[in-house]
Amino acid sequence: MTLVGRHLVQPADFSVEEIESVLDLGLRIKEDPSKYIRVAEGKLLATLFYEPSTRTRLSFEAAMNRLGGRIIGFSDPGASSVSKGESLEDTITTVSNYVDVIAMRHPISGAAIQASKACKIPFINAGDGKNQHPTQTLTDLLTIKACRGQLNNLTIAMCGDLKYGRTVHSLAKAMSRYTDTKFIFIAPDELKMPEEVLNDIEGINYEQTASLEEAIGKCDILYMTRVQRERFEDKAQYERLKDTYILDVEKMSKAKENMLVLHPLPRVNEIAVEVDQDPRAKYFEQAQYGMYVRMALIMKLLGIGE
Amino acid sequence: MTLVGRHLVQPADFSVEEIESVLDLGLRIKEDPSKYIRVAEGKLLATLFYEPSTRTRLSFEAAMNRLGGRIIGFSDPGASSVSKGESLEDTITTVSNYVDVIAMRHPISGAAIQASKACKIPFINAGDGKNQHPTQTLTDLLTIKACRGQLNNLTIAMCGDLKYGRTVHSLAKAMSRYTDTKFIFIAPDELKMPEEVLNDIEGINYEQTASLEEAIGKCDILYMTRVQRERFEDKAQYERLKDTYILDVEKMSKAKENMLVLHPLPRVNEIAVEVDQDPRAKYFEQAQYGMYVRMALIMKLLGIGE
Amino acid sequence: MTLVGRHLVQPADFSVEEIESVLDLGLRIKEDPSKYIRVAEGKLLATLFYEPSTRTRLSFEAAMNRLGGRIIGFSDPGASSVSKGESLEDTITTVSNYVDVIAMRHPISGAAIQASKACKIPFINAGDGKNQHPTQTLTDLLTIKACRGQLNNLTIAMCGDLKYGRTVHSLAKAMSRYTDTKFIFIAPDELKMPEEVLNDIEGINYEQTASLEEAIGKCDILYMTRVQRERFEDKAQYERLKDTYILDVEKMSKAKENMLVLHPLPRVNEIAVEVDQDPRAKYFEQAQYGMYVRMALIMKLLGIGE
């Protein structure tokens, strides 16, 4: 299934089948990365980061390097001379005269769709404000597929800040396209999943709860996110609640034996370090799947090496 | 024609024949870049940017990467730890022990010649203050040669800020070395071409005018630059004048059918976006020629791959 | 001698024989670097610089590039988004899922050992605060071995700020492991070699003096460091002393004909520029040995290409 020349601004830009083809290639890469160390020889990726996001940038740059391709770009707003008084469209047009594919991070929601429209080469949204971060969603999907063998028939619990979390919104929408998905949304009242996301996944079975402890035994995937003090108007409420959203060995003892714990990282204290040793903790492996899925995506968009 | 081991501090460092050999190689690269993706394997370029200039840096880094070479360097003043209390000469000597060729950007006029004297490997000035930016001139020359087939017998109009524009000064001097060049300098009184440049091109046919509209029909090349409000003492004068130096579809209708519009970029508003669709608008293509001419220059200085 | 999978946090982590094997490989690389331009193909180095150190970073990046490997990383504290609220251990674990070897620079003493404990791939300390900088020591050792043919039976004078100089402390300890080493420590009272270092090299023959002029004729290696005004409580004392610690042509005339002058660089004014022409001045060549020894180290830790 070809994706040559396509843009990826949001996960829904790709059909389920198209996503499947990216994930399958990601799995093949993981099996033997040494097969792919020259497939992008002579190809250039631009990483245009209008706000710093070291983790995402390193993942893209590791991916392109592991394919034998090359990278140019900038990594922070101080490098904005590229766009001094210049329109985003002009910058994209200029850079697309240098390279074969662009990955852009931008602090403003909607910048990605604007840039992609001016871009005559494949364009990847590496996060635009609070809007979309589609390669994180691909990372989550590949991790689930790799560790569970499938994306259908899964009960996915999402825990923590479901109100502001771009990651969980995207993943909920993406998983709602698979057969017999069930969701459990675990959050305090202040941070419940927004109505618009619930509308987007209409027809899908879900429940809402405030108790991680009660929900943990019922899910196949537990997707943890951070609960930030700043989100609470009532700080006393935060203090009462915060520990109930920290995943520790005791809570893990109530989970299924083959449950997976995912987290988009960075982790602060919402998962106790003691959990890292649990074989069900997949969040660091997830970072590696993020690199593999970006390798697969770049290959697909450039039409190389399969 | 060999240029192995040479420095490029200003365009006049190379003879017309030497420039010709760089441009010819640039054209051959553009015809089939895939032939050159390994010629610089094992070679290193240092990009030492003592002031940010993302566009120029990306062009050099794209060029070296497209040759299969590698890059080390720094991209902004914050990286100046390399020179903390250290002389520029010592930094250059140290870096030249790591790499095969150096491209340096520096905010101080004259820094390039100073650095080149200490440099035992090929040195390229990537812009030193208001002084010189020779690879921009090579870019302009390659674009003209590629799009017109020749550099002789051309009428070149330069429009906008001719007083402070480093780019137009260098290009005027460079074009004055070709047969039957004619110039039209289009600028308001405040921003006329300086006497010293007019002296440098002595013997060459030129006229001066304040009207883009009158001049546009007579030229083969229209080189646009930005007219900045800050340059005018009399701001009312600026307001009266500014629109007359904006190139739009209406003014383009008066130009020759094979005229070329060039611009060093970034463009702000001095060329209306509607002009981008005109096949005579070559400024984005020009950015790509900038990459090809830098590829050719690096190959020539290193004596590789021809 | 295999060093595959090892960490290098401090010079003493390697035995004399292990260091010897790195230096020997470094010498072989210097003889013909072109043999090694593909040995690290498909391998990635992360350069994680939590404080800027352009010189050290460029040396590591030149080394990895000259081996045909690739680099990802960050170069300054502004890039610290990687660790925003995240533990150093988590950052290292994540990055080690992307790359094959990590070089880390950190402003805090002890950060290197902490990071190395979390690191499942080879870890290189590229300087942690005032603590250790083992690749500088390897650089010094390789320079001495290359220029003198051996590391035994040498009289090494160290001159300048011996109190605060991390470099001279490490080199003193490292050289004390070789046969018949003798030290001459040349420093004003304020900046004498600390007791703890003297204890570390117990059993080794050393003398202390305040006079460079008297000592210079007796040594095989003169290791210069900078004397900083800020180190002196009595500024008048600094003014009286400073010139006596500046190496110039006159003082060089009293040195042995095969003495070597080393300096970790950057040099400020403690070595007069006139000395650069003296064939005994090896400090710029030393920078190149730094690149070669890092190439050797990376090869050894990855077990490639020998």
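So that you can tell them apart, the chains are marked A, B and C in the order they are listed, and the count of residues begins at 1 in each.
Just so we're on the same page, a residue touches a chain if its C-beta (ideal position, glycine included) is under 8 Å from a C-beta of that chain, and two chains touch if they have at least 3 such contacts.
As the structure is a computational prediction, the values presented were derived from the model and not from experiment.
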{"item": "Topology of the chain contact graph, where touching chains are joined (line, ring, star, complete, other)", "value": "complete"}
{"item": "Interface residue identity across copies chain A, chain C - same or different by half", "value": "different"}
{"item": "Centroid spacing, where centroids are CA-atom means, of chain A and chain C in whole angstrom", "value": "41"}
{"item": "Multi-chain contact residues (two or more partners), chain A", "value": "78"}
{"item": "Touching residues on chain B, where the partner in the complex is chain A", "value": "33-34, 37, 52-55, 58-59, 61-62, 65-66, 68, 75-76, 78, 265-268, 284-285, 287-288, 291"}
{"item": "Chain A partner contacts - residues on chain C that touch it in the complex", "value": "41-42, 44, 46, 70-74, 78-86, 90-91, 93-95, 97-99"}
